[in-house]
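There are two complexes below, and they share subunit A, which is joined by subunit B in the first and by subunit C in the second.
Let's look at the complex of A and B:
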């Protein structure tokens, strides 16, 4: 497709190829040239030979000496008055300036289609006519008509300390949140729900109440999974939740919260026909083969799981009320434990930690925009329950119209999101993820940044609604007068449409943005725009795919560190290199190395699914 | 003569309101419907009796005797020319049907140049302004196979020029330019001769590619200004009128004649051959079937009857009546059978809408597996007809071809202009896509070359004697 003057400038050093037939005598302008973004595929497929091809900067304004057809590379013999190429030093600099600038065709209709998730992300076409031609086209490049290259973008790292600051203004403490930890070493069943010392007892007949409480819940079983039982079969894991309660009259997000260590709630289930409650993949199987231990949203190795296996009415696995009923029924158990925890003797506290929320006047003001799923079906989130990750008092973001909701960072860390989402297990942010959200923690503690808050915005199903909510996000960021913004998302495909739109809405207001998403191979962005220049890929999987291992590809501290560094660079006017054409895991490792060099300390990277025992499913489907 | 059916909506705007009832006697030129909003008067095209007034049409049973005399437009003696144009119910006869009385209601002398988009006008300096204002006469007759416009220029050049002068007078235009394809040698010579006496009227020769008659293409070719898809020619201090419309303006002013006839071309799979049958002054409301019979009748099995042109027309049934905007009636050969193969549609502003393309795919028994849109086809408002950003200049198509391939298409049907079709051909067949053009069945019927690769230049010398 022909390019604009802006794209031509960004691709000044890329080959100049006619997009269409052009007649001898014309002055070559951007509209005559094909978008270099698709050249690799054309070269690979033998449709294009770039030998001797001049660059875009050389041919612009020059005269075409003879009529040439579409896809003709402009070489010296067909161009008169070509400019001299600029020197290589400049080339380098120029290159760094390029963003992932995309053709601005917004492709609204086309983007409606969720990209076909082709394992491996490569479309292979074989044409056996005349000379054989093989086309290899990354799906992300052709899907939707305007897709940028796969997710991860290299970043250049520079110490941000060099900034000259205004005379130091004092940080202002807004509020604090204290977590009191109680340790649990054993979970058992008994006549009443209570905690004695480090032993948690769950009432024997509680299942019946759980089942009776929800019309759609046909059955609910409780399994206590100890580390010895990790090799147990489980239905798909719908959520992992901390067991926590507010102390006294404190409200969520401030004051004191009590939390049990060593034990988590785990919601699993199917519908009455045995269909897993999940959309893109599900994590059923042996627990030890399907959980990425230690991810913010996942259980840690050694923890005991109070696992409910909920059976919901047949067919409701893909409707909002089904999964909500499973969560609500499970919360009856959690609530009883919370009540016991609330009464527990202060002497049993094993540790305390306090999170202070400071505003830092004079520092770069940033906001974290977290896109959460709101497409309906099981893609919903309960926002701001009364108790951490509770149900009571919370509003489903689908019912709120998915519009942005402003929360404090401490509300995030205090469990203000009860995640019903069941997208690809590997990229879903479980309820526990928010409790330990690495980006919020990283920015909260960064003394060079003034974190003004967190915005949750739902991802609606319909494109028109996506643009509706993302315009509100843009307006909100404008009002907040922020110097920079992070945008995170979970899942891939459909949600990337609003993810891109958030970038545009914030970016067009002149605010630097860093985006974080699972992309890699399978989650390659389906849409793009010129504001999507700073991306951090949350992928951890070996092959860059949604591998159905719980929380494998979610946002981890190592991603947060890269994103913070990248936003500092962006706000400081540092350049970030454009994405490579295909997903390249080395981009991440070289960025991590650069950060380690500057910071002078080692960044420990998390493990991926290769550290787990190989499951039958993974063996057959993925690795 | 069979009943004539006058549609209440044969123009851009709202349907007219009937002012006659069943049983009323009407003459040629009797006002039978008035605008209810944007629109133009509708007149009876025959002598006869109103048989029925329905929601969308007035049906008139013609008398046996049909004299040439007509009711003059009801305007006062001293009425201005614009009022006469309005009263005569003239609309854009090239097919768009915009009420001419509204279009000409502009004073070009006081009309400032619109703001030009530098992205599509790289060669124009900032603040570029056209010193002179223009009436541009669209004589491109761009839909392949149609000949009635050029025939009228050959036969009624004086009347057309008179109409152009009236348009200039009404709009206070400084100059007028005829935009005509150079291939129409005879008409060009007649026009050149006639223009010797007209210092303010000139002509601009167009290459024989599609589209040249698109309003903004005419502006670009004549004045060198590219308009955006939402800009009107007034942004280039001009008004574009079709030559047949100009002739109707002359009739309204000189003869007080209402607009109730239409010139058109009937062509295709007709007994006696595929040459064009040009009918002048056909009463509006005559049925398609009657005109095909007048041309000789359909020759055997046929594919479809298209009203309008091969690119922008639609398929119709023989009972449908012609309107003030009908230019062509094309009877085509049968369409090829793709036996259910996966087919991609490349929808473009220059050709049929997606709906029309899907209709053609269905008639060809192709299964639509993918729909792409030319990058330059802009939908100004949701649901509005597509408009091309740079008519006749391709933005590149290889990306669409890659999409078709990805979606598993074996065939593609394209509705592109000459230049874009050429680009599709540069990569489509190499990628293994078999290419059809939506106009293929028409082009085969009338013996016109198919729209595939472009073999002629988009530039022609303005010297009529220089071969390009």
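Let's look at the complex of A and C:
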């Protein structure tokens, strides 16, 4: 298909290939040329060889010396009067160097770069969609009639930022949240639920109450898994939850929260026919082979698990009430522990941490949009319970129509999401994930950014509903007047449709967006649009797949650092290179290196499934 | 995972929705070519999902990756089916 003059300009430095047969003697115009976006596939399949091919800017206006067939690459011997490449080597090199110093993961999308000189001597470059972008910048625009001195981009950005933010306004403390940690070293059963020193005792007959509480729950078994028992078989892990309670009359998201260290709740279960609840999340097997320790949502090595194995009525495992009943029944145990924790003596506090939520007027205002599942059954989340990660008082986002719900960053860190968690064990965000959300923590502590809040938006099943909620997200961001937005999602599937739509709705309002998702090989985006130019892949697995290891491919601090850096670049109008055609893990490592170079400190990367005792399956099949 | 010999042989398959759950959809492939059950999240829908609706998707053939048996999966499957049997007997 021929291209327009505009496309030709955007692809000025891409190879010039005829789109259809052209007679000798014609003057080459954009209409004679093929869209470079399709070349990768043609080259891969051997249909096209671009060796010695001139660029589009070189051939435009030149004469074709002989008749050529369609898809003929224009080389010097068939073209007369080709122009010389317009960019001076010096400037180009500098730009490339700058390009490399920026994070550069993007959705596999097409692109167009539109440079615009802006009053005030700042050069803004907006990259819509595209690939292989070379920028041509007449040195005059930059000011002083000379090219900027060679130097890293972040320095330039900082300098510009310093100028504009001179009348610095003081950060304003909005609220604080203190976590008081209590340590548990042993969990046992006994006549009553209590905590003595570092020993947690769970009432012997508590199971009966759990079973009686829910009509659909036929049975509930509690297993206490100590580190010595990690090599035991478990049904699919549905959720991992912190055990925490608000102190006194404090409300979720502020004041004081008490939390038990060294122990977590773990929900597992089947229906009465023995079919897994959720059915599709196959992390069943030996715990130590299936858990990616230390992920924000997963248990840490050394912790004790209070694991419930819930049996729900046959056939309800894939219906909405089934998973909800399993979670509600488990919460009876957690609630009783919470009450014991609430009464605990202050002397037993081992450590305290305080999270301060500041608004930073004058800094770039950003919002975090977290897409959570809302398709139904286990694709659901309970929002804003009374107690951290509780059930009471919370509203399922499916019942709320999946519309965006605004929460404070501290509410997120205080367990405002009780995740029923769905499929894809490696990429699902469990309740504990929100309790330790790395992106919220990273942005909360970044003094260069003004985090105005977090928006949770459900992902409904039907497309029309997806676009309905997505438009509300866009409107909300418009009203918030943010300078930038993060959009995160968990796992892959039809939720990527609304993920893309959120990018569009926010991006079309001129707000730079950075998207975060597990993509790699298996979770490649199902759709894209021209606003999906800044993407961070949460993949950690060696082969880029759903490796059935719990929480392996979820958002980690290293991803948060990259996303923050990328959004800063996007808001500063910096160029971010388009993604390569196929997933390439080196993009992440070179981005990490660039960030390390600029920050001057090492970014510790988390381990992946290779650090676990290797099940035979993984060794043979995947890696 | 480029070990598929026929991975690029993409064919359009059609099917009929035979089960609708809150969290999953099951499809019979037309022509009795099999049965597919997927979580709703992996199912793209423009309308409320109903039994009898026709669906289509592109797929390729299922190929063996090798002759070896993965003992972990065999053991998980054994445990799983044994447990299902026990639970069914308990209910009788």
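Following the convention adopted for this analysis, the second predicted complex is superposed on the first by the 447 of 623 C-alpha atoms of A that agree within 3 Å, B and C clash if a C-alpha of one lies under 4 Å from a C-alpha of the other, contacts with A are read in each partner's own complex, and residues count from 1 in each chain.
Operating definition for what follows: a residue touches a chain if its C-beta (ideal position, glycine included) is under 8 Å from a C-beta of that chain, and two chains touch if they have at least 3 such contacts.
These numbers were taken from a predicted model, which means no experiment stands behind them.
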item	value
Subunit B versus subunit C as contact partner of A:598, first or second or both or neither	neither
First (subunit B), second (subunit C), both or neither touched by A:35	first
Partner chain(s) touched by A:47 [first = subunit B, second = subunit C, both, neither]	first
Contacts of A:70 with subunit B and subunit C, given as first, second, both or neither	first
Which of subunit B and subunit C A:403 touches, first, second, both or neither	neither
Touching partner for A:1 - first (subunit B), second (subunit C), both, neither	first
First, second, both or neither for A:606, with subunit B first and subunit C second	neither
List of subunit C residues in touch with subunit A within their complex	1, 21-24, 38-49, 65-66, 68, 70-73, 76, 79-80, 83-88, 91
Of subunit A, residues touching subunit C in the complex	233, 270, 272-276, 278-280, 284-285, 289, 311, 314, 318-320, 323, 373, 375-379, 422-423, 459, 461-464, 491, 493-495, 497, 521, 526, 543, 545, 615-617, 620-621
Complex contact set, residues of subunit B against subunit A	119-120, 122-123, 372-373, 375, 390, 393-399, 402-403, 405-406, 419-420, 422-423, 426-427, 430-432, 454, 457-459
Subunit B-facing residues of subunit A, complex	1-2, 4-5, 19-21, 23, 25, 27, 29-31, 34-35, 38, 41-42, 45, 47, 67, 69-71, 103, 105, 109-110, 123, 125, 127, 129, 133, 135, 137, 139, 142-143, 145
